[in-house]
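To keep things simple, chains are lettered A, B, C and D as they appear, and every chain counts its residues starting from 1.
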Amino acid sequence: MNTVNDTLIPVLGVITDVRIDTPDVKTFRVVTPDGKKAFDHKPGQCAMLSIPGVGEAMFSITSSPTNTEFMEFSIKKCGCVTDWLHQAEAGQQITIRGPYGRPFPVDTEFKGKDLLFIAGGIGLAPLRSVINYCRDNRADYGTIDIVYGSRSMDDLVDYKEIVDEWTKDTDVHVHLTIDREQQGWDGHVGFVPSYVKELGFDTNKTAIICGPPIMIKFTLDAMIELGFDKTQVYTTMELRMKCGVGKCGRCNIGAKYVCKDGPVFRCDELDELPDEY
Amino acid sequence: MQKVNRDVLLEKAAAMLDAGEVQAVLGWGAGEFAYDVTPRVFETSDELRADFVWNDFCGANLSKYLVSKTKKLEGKLLVFLKPCDTYSFNQLLTEHRFEREKVYAVAVPCEGMADVQKLKALAGDGISSIESTDSGFSVTTIYDDAPVEVKGADVLLEKCANCKSRKHVAYDELLGDEGEVLDSNRFDEVERIEAMTSEERFAFWQGELSRCIRCNACRDVCPACTCEKCVFDNPNSGAENKAPTTSFEEQMFHVIRAFHVAGRCTDCGECSRVCPQNIPLHLLNRKFIKDINTFYGEYQAGAEEGSRAPLVDYTLEDLEAEDVFKKEAE
Amino acid sequence: MQVNEYKPLIVAFCCNWCSYAGADLAGNNRLNYPADVKIIRVPCSCRVNPMFILRAFQRGADGVIICGCHPGDCHYTSGNYYTRRRMALLFSMLDFLGIERERTRLEWVSAAEGAKFAATMNDFAETVAALGENKRLEDLRCKK
Amino acid sequence: MRKCSLSKLTDLFQKINESASLYLPATDNAGGAVYTKWADGVEYLDVLNTVRSPKDFFFPQSENLMEFKLKGKNIEILDIREESEDFVIFGVRACDVKSFEVLDRVFLSEPVDSYYQNRRAHAVIISMACMRPADTCFCTAFGIDAAEPAGDVSAWKTECDLYLKANTEKGAQLLAKLSNLTEECDDSEVSPLQEKIRNIMKKLPLEGISLENFGKGKTKEYFDSPLWTELSEACLGCGTCTFVCPTCQCYDIKDFDTGSGVIRYRCWDSCMYSDFTKMAHGNSRNTQVERFRQRFMHKLVYYPENNDGLFSCVGCGRCLSKCPISMNIVKVMKALGGEKK
């Protein structure tokens, strides 16, 4: 009996590094106790992290699958589990299980395409995995554009990596924006949807959007205005999850379970679903 | 059989709706069978004429719905209240749970409501029709057996078999005749349990509470349970639990549920009526009522609007906790 | 002969203003009372929610005692009067459910009554010890 | 087919119980029935439905999944799973047998739920034909034949005999063990009985309720229906319907701190509860209308969509008789299906 694995039973993970990204976002580096990566994943997939006695929650894996040493999770402080994680130090053990969900179609639909990533706030977390995957397999993809916005300069997650690495790549164009004017910021100011319209991208690109639901909604409208088709736009979603495998019955939108059939959806697929999100 | 018939209630409600005196009517709606009655808000007199029912299966207490339904309406809501429902109505008013001026309360005399389970136990599960007779019901089944005659008194809901009052304590209008406060035997069962030994009582309650499936129906139907967020649903309370994981959790839930409504419970009996497992939950409430009566003087929650519940009150000469059992022994 | 090693675990909720000071005084005066009495300080005896008492039993307490200021002496004027009513009803209910009535107690102990505090605890511990372990309100998950 | 005199029923139970624990409906001392472990003195109660469905056997209301020991920054994960014992469930009605198929499709689909699978693999199900169905029964709508219940062994009860027919290898093995207490027979006694049952089924008040309008691809048709508001108006938001339902399988996973460790357990959850979809930053189903809709859409549309048209309802009628306000799936089906406006 004990030899059968059950997906509900997690493995141990150790937090080896905690990086403070913004006032309310930290990035945690997680490996198994013997220093390995807990499991392989694909870009856009998620994992269940838990602290026994506190709770279990689903997080998108922020690090790229091409990173074979460890996994990273960028986590915003907003509930019981995240509060607890934010006060954790390096060396703290947690439990981890996964990977869960349908990944971005990096090996099929995305191949050879020009990619446009649009993120808002902590929405960069799931996209960072894909962006870095594509950067690491640069020959397989066309140009990469990244539009990233947040409330303020201090709320830009992974700012260092963006500036030090992403902007230096050839054929990777980063467009940053913040909601309101701020001292020391000489970049663009304004909300993401209007910035996207301003930038006016070529409609042959494949777009990937992630951010607060309201931002996704308006950005999608902007994209359509620019002439994009919904089949060209992907997004990733989040709802309350318990099992991660489509059995506990709570994260569904219509007949689709976000944990199993998502979290990545193509926007035309969302049209098929009822408006419950 | 109810003394005031459906047409009287229907005409009253329809007339007021049509005249625009009330915006909606909170009553009982017809179901699939003769006995499955659903509380319902009617907005037109046509709806009323089609689906309104008033029969021997209208056990549901509508007063708790006033809390949510009056908030949704601009105008007045007409509600039908049986005698026991009027106590809940008063208690909710005392606790300021809804605005009195938004309600037009129509009191309806009640001769006791029937318990479908008891009826089915006597007549069979496959009921095809229920006819009211002078003494009760004539029930036909789908099994080709002869109709079964059932005495009304044998199939009363527990709360009706031990009815405490046929007097309406609050209303804007009364249909039919006013009743009296009754000398009920409602504490007999409590006394029977009190007379047991501690071991017997423990065994009794273990047997009853172990059936609990924590569906929360007793809490959700209770007119005294109107907290916006129940402590048992609040993950930060330390008491949240969804399943009767151990016998302790069962005891905990039911003691706290009953304690929280102690002094405010009007003994409307809804908790026991809706329990899918037939746990006699009213006994816990009645124990508190009986104790309050013995320790602090007779008190009937809801009898008087604005009265001070015993647990938010005190006297300097109150009984000491250590004397509780001496007093009970008397 | 086998020696009975059983010592009951007792949780005592003590009001900050009287009973907790009473416990302090008992300590200062070197008065003995069982070490298995675990004191939880509360701002007033009426802070003790019935749920606290049940939780204490769940987590392994064999007896629960609530100590507050004497009637009339409440720091908040009337808190202990409410406690008196609540506990009377709760204790009666627990008894009704078949929980041994000796396992719960409400006692008034002032800041000056160190001796009464010690005596009360000794007496309560003895009473509970005679009853043995709490079996009727236990949570098996917590017994390890 | 084998037959056994009802006077030897106790011997039969005794014999079954020798090799595997036997569970059967017995009185719950409160007017209902509950599956009880058989021992001498436990009487089989031939009631139509137990209050709790037999899903408990495979998917109990709460079960411990694993334990954790915590020490400083370190965690130890303890796998507490144990091999289930063999057991036999006697007297399962046709509708409840069908419910196992509904549950199987959830728990035995990849990734397989080992807790469920473990118990499912160790169970033998003896079903029982329904001699006296209730007015709340509507299993025929789901193509269930109460006169020919599925299961490892099917059983029929006449005035004086019990008839047993094995449907599976497991069932045949069980009947082989009972060969001393039973005798071979043909179905000449059973056929008229089945005829009788089918005739009663035709007279059921809910006979003919149609599922035509439900199933795959109906999401958009019903999701925004104004009827949901009306139907859910009186709903208390309690979990009675979900907890007595044989096919409701949603669960919650929670941690319990024992003081010396943490137990992670799974328990039934109800989509009717306000915290079912509550997250740290919001709730996707904020009102009872949405929660009410979820339950019925799941049973009538979403589940069939994902499971080749199989409905997640078996017409057992428990929710009809237990709902505190008498709102139930039949009323929903009729209202949405257009029978009653």
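Just so we're on the same page, a contact is a pair of C-beta atoms (placed from the backbone, for glycine too) under 8 Å apart; a residue touches a chain by one contact, two chains touch by 3 or more.
Just so it is clear, the model here is predicted, and its values are computed rather than measured.
When every chain is reduced to the mean of its C-alpha atoms, the one closest to the centre of the whole protein set is D. Just to note, of C-D and B-C, the chains joined by more C-beta pairs in contact are B-C.
Ranking all chains by how far their C-alpha centres lie from the centre of chain B, first place goes to A.
Averaged C-alpha coordinates put the centre of chain A at 53 Å from the centre of chain C.
Centres computed as Cα averages put chain C at a distance of 46 Å from chain D.
Between the CA-based centres of chain B and chain C the separation comes to 37 Å, rounded to the whole angstrom. Residue numbers of chain A whose C-beta contacts span two or more other chains: 80. Residue positions of chain B touching 2 or more other chains: 235, 245. The multi-chain contact residues of chain D, meaning those touching 2 or more other chains, are 252, 256, 269.
You'll find the chains touch as A-D, B-C, B-D, C-D.
Every residue of chain C that touches chain B in the complex is listed here, in rising order: 50-51, 54-55, 57-58, 71-72, 78, 81-82, 84-101, 105-106, 136-141.
Contacts from chain C toward chain D in the complex involve residues 59-60, 141-142, 144.
Those residues of chain D whose C-beta lies close enough to touch chain C in the complex are 256, 258-261, 263.
Against chain D, the residues of chain A that register as touching in their complex are 1-2, 4-12, 52-56, 78-80, 82, 89, 91-95, 238-240, 242-243, 245, 247-252, 254-255, 273-277. The touching residues of chain D, counted against chain A in their complex, run 65-66, 68, 70, 73-75, 77, 79, 81-83, 106-107, 111, 113-115, 118, 219-220, 223-224, 249-253, 255, 257, 262, 264, 266, 269, 271, 276-281, 284-285, 290, 294, 297-298, 301-303, 305-306.
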